[in-house]
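Please go over the structures that come below.
Both complexes below contain subunit A, partnered by subunit B and then by subunit C.
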Partner chain A sequence: MIRPHDSIIIQTLGRFIIPVVQIFGLYVLFFGQYGPGGGFVGGVILGTGMILSVLIFGHDASRSQYARNILHADGVGMLIYAGVGGLCMIGGGEFLNYADLEIPGLETASRRSLGIVLTQIGVALDVAVTAVSIVFSLSAEEIMENSIDG
Partner chain B sequence: MSHQLPAILFLLPLFAAISMPVVCLKHRQWSYSISVAVLAAMVLVSILNLHNVIHHGEIRYVFSGWTAPLGIEWVADGLASVILVLVSVLGFLGVVFTGSTSPKDLGGRIIHYYTLILLLVSALTGIVFAGDLFNLFVFLEVAAISSYALIGVAGGRALFAAFRYLILGTLGASLYLLGVSYLYAVTGTLNMSDMVDKLPFLLSSKAVVGGLIFMFIGLGIKMALVPFHSWLPDAYTHAPESISPILASLVTKVAILAWIRIVYWVFNASIVINDIPILLLVSVLGTLAAVIGGGLALAQGNLKRLFAYGGISHIGIILIGISQGNQTGFAGGVFYLLNDAVMQAGLFFLAGMAFYHYGIRTIDDLGRLGKHSPWLTGSLIVMALGMIGLPPTGGFFGKWYIILGALESGNYVSVAAVLLSTLLTLAYFVKLFEALFRQPATQLNVQSGDIPFSFKLTLGITSAAIIILGLFSAPIVQLLLDHAMPPGL
Partner chain C sequence: MIFSYEIILLLLLLITAAGAIMVKDLMSSVLLLGSYSFFLALVWAWTGAVDVAFVEAVVGAGLATVLFLLTLFRTAPKDTRLRRPLPSLITLIVFPLVGVLLLYAASDLPGYGDPNSPASVHVSPTYLEQSYQDSHTLNVVTSVLMDYRSLDTMVETVVIFASGIACALLLRRHG
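Coming up: the complex of A and B.
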């Protein structure tokens, strides 16, 4: 069980830093198309932001309440990934061959671009949620149980 | 569309596994029906795939369209397709059996339990299809991690067994990875078919031999070959009743398949026969395993532990078959692998049913059954015939071809080992039947009511399959000889 941190300095700084961390995570995620970055790194940074918010505001803070329900989203990230792959297969190509991504009205180049962005978003979601769920399961067992039962 | 079948086979259980936590969030009882439906679909697709491979030749599937040495390749040849039918059928039966025997106190974690089973099946599919050494490692690890978690689900002593399996299994995986890195350092490639072209010029390198030995020891731990078998009996005995059949029938057998791939497909048959005498080592260890496993089984009192040691001795027999270096022995080994997987599944279904329906764990308790259990006794007799290797069953024909192969290559010690292990198998089944038919002092006060349909279905299908594999052994072995032979053997 993680309690909110009682130092006002950390709480105030947290309010500033967490949005910046998350925007930087999104930037790294989307910049992965053109340079260093991508789904895994972006996901790690997003996950760090969430972990920071849990550490500062605690499990019970209304701000991080959504994080408990979102623990199921590791399946969602993988589903986005697999769904893009499946759309490629429906389009007649191999799994994850973005050139055959079955979205009408797009050039091959933009299909490739869109395909890779979508899969990277899936990967990022997955990595972020996994990082948070590791922290949750290390910190308090009963909360894991409740979130799964609920 | 047919060229997509190998990818579909892998993605079906994977898709189902990852969507399970989301789909079953509100209705956790759906998880069982979804698993059964997905694995039933997988059985159909795997049969389609086998049909397709037999008639149109092997399929090489490259993910995301990057071609072979760079991309990730899936190789669906005859051998892989045959084994995949086995994996999906036994996975399906295992999940059907799980329905009435899954641990009761799981609560909401039941969803994760089915997720892990499906993940295990998809990882096994990955090992069977993988066309490069590194992906093979990845799927070995996914399968192993799922099995650790599934064994540990029961809690108590199972946790200890699972932890021991985890330590040894991780050691095995690391040794395998070390071997892969040796080969990668020498050849500069991980793709199996690419490595085939490069290896013949590099045989003087000690790294190649070292890499092969490391991979053999690593996979030897995974397949519970005799000096490395100590994790298996504990793990399978203490695992939940519903999990043991899937693990016992599939995980070790698929590790053998991975070894077959490396020794006969990555290395050529002529290399392992003439230049690097690894087949001799495999044959010697197989001989030891066949005899020692049978001997240890004789000393066991617990049903599941007895069957686990029986499985260890049969791993040895399969390895004797495939290490003879001729077609007859190889076909016999692979055919015996199919049989052994079915028999192990059947035996652990039986042990699970004996515990769940009659509360029996040990051989001595069997006597208390009396005449109340036609299903258990009948299927036990069929499986005993198969394990011992008496004629109408597949076990007989498997051993027959293995012995023919060993005679062909003049390896009389192996012949003696197969016969000796047959005698030992006979001995421990005689012990079992002696306990079963002994007039007991205390009858079991049979409470039980009807046997659940899932028990009847799984026991019936596996018992029938043991006989059917025997009756149709000639066409199946012919199919293996025509479509599943390694190049150059």
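Coming up: the complex of A and C.
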């Protein structure tokens, strides 16, 4: 179990910096089509923001609620990615060929662009959940030791 | 003098990598590894691979350092001293030989940025020319990863998912 950090400096800084990190993660995620970045890096930054809140405010703080809740989304990112592929197959094409996404009023290139955005969201969600999940796994045994000691 | 920047970066890489191995305290070793990742990210950015540099800086210096430190707090809180035996005679003979062999082989590689090298005449020109018309994506790296090579990226996602599940299975047995 990770307890809240004592230092008031770190607590204040965390309160200020975590939203900035999260917004930067979203920016990197959605700007990946126009500059460096993309689903993987964006997901890692989003996950790192949540890990930071767990490290600073502890497991049980209300600020870490988001990090605890997102663990229920394990596998959803993969589902989104494969689901986009499945939608392409429903549209009558190959698996993950975004040109066959059945969206009226979009030309082929825009469909591909949309498919890239959707799959990037899937990758980002998967990576973020995995990062938070590994941190929770690494601090899981301490919960057990504490319950034995106390 | 771009050349001297390169030399300085590579020297820093060597120093931090050697330091991460030689240092006795595991905590300093982890932090040196993080700085090694930062210098490596600078090298990637210098060679023009900005996406790789981004991933290296975020994952290598950020996330991996946090995971290493959390592991360190769990496994070895007190005794962090390591005992390293001297390298054996075979190691001293074989490793320089392998190094010489690799240097010899490296002389056959195409030059840096050579437009006629096999890597830049096969499919890369098609990607660079067709990317925007095909998918309205300016960043060619993203369109290669997410569109042209989409299935590979999906299986990578499966690997990441599996690693998270494996960590949970191994570490949360009693939870």
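Observations
We adopt the following convention: the second predicted complex is superposed on the first by the 139 of 150 C-alpha atoms of A that agree within 3 Å, B and C clash if a C-alpha of one lies under 4 Å from a C-alpha of the other, contacts with A are read in each partner's own complex, and residues count from 1 in each chain.
Everything that follows uses one rule, which is that contacts are C-beta pairs under 8 Å (C-beta built on N, C-alpha and C of every residue); 3 or more make two chains touch, one makes a residue touch a chain.
Keep in mind it's a predicted model, so treat the numbers as computed, not measured.
In the superposition on chain A, contact of A:Y98 is made with both subunit B and subunit C.
Comparing subunit B with subunit C, more residues of subunit A are touched by C. Look at A:V127: by the touch rule set out above, it reaches subunit C but stays clear of subunit B.
Legend: residue contacts after superposition of the two complexes on their common chain; A:V76 is shown touching subunit B, with no touch to subunit C. Judged by the touch definition given at the top, the superposed model places A:P4 against neither subunit B nor subunit C. In the superposition on chain A, contact of A:G39 is made with subunit C only, not with subunit B. When the two structures are aligned on the shared chain, A:S139 is found in touch with subunit C, with no touch to subunit B. Applying the stated contact rule after C-alpha superposition, one finds that A:G58 touches neither subunit B nor subunit C. In the superposed model, A:M89 lies in contact with subunit B only, and not with subunit C. When the two complexes are superposed on chain A, the residues of subunit A that touch both subunit B and subunit C are 74-75, 78, 82, 85, 95-96, 98.
Against subunit C, the residues of subunit A that register as touching in their complex are 28, 32-41, 44-45, 47-48, 51, 55, 74-75, 77-78, 81-82, 85, 95-96, 98, 109-110, 112-113, 115-116, 119-120, 122-123, 126-127, 129-131, 133-135, 137-144. For subunit C in complex with subunit A, the residues that touch the partner chain are 50-51, 53-55, 58-59, 62-63, 66-67, 70-71, 74, 133-139, 141-143, 145-147, 150-151, 153-154, 157-158, 160-161, 163-165, 167-168, 170-172, 174-175. Per the touch definition, subunit A reaches subunit B in the complex via residues 72, 74-76, 78-79, 82, 85-86, 88-89, 93-99, 145, 148-149.
For subunit B in complex with subunit A, the touching residues are 4, 7-8, 11, 14-15, 18-22, 25, 61-65, 107-109, 111-112.
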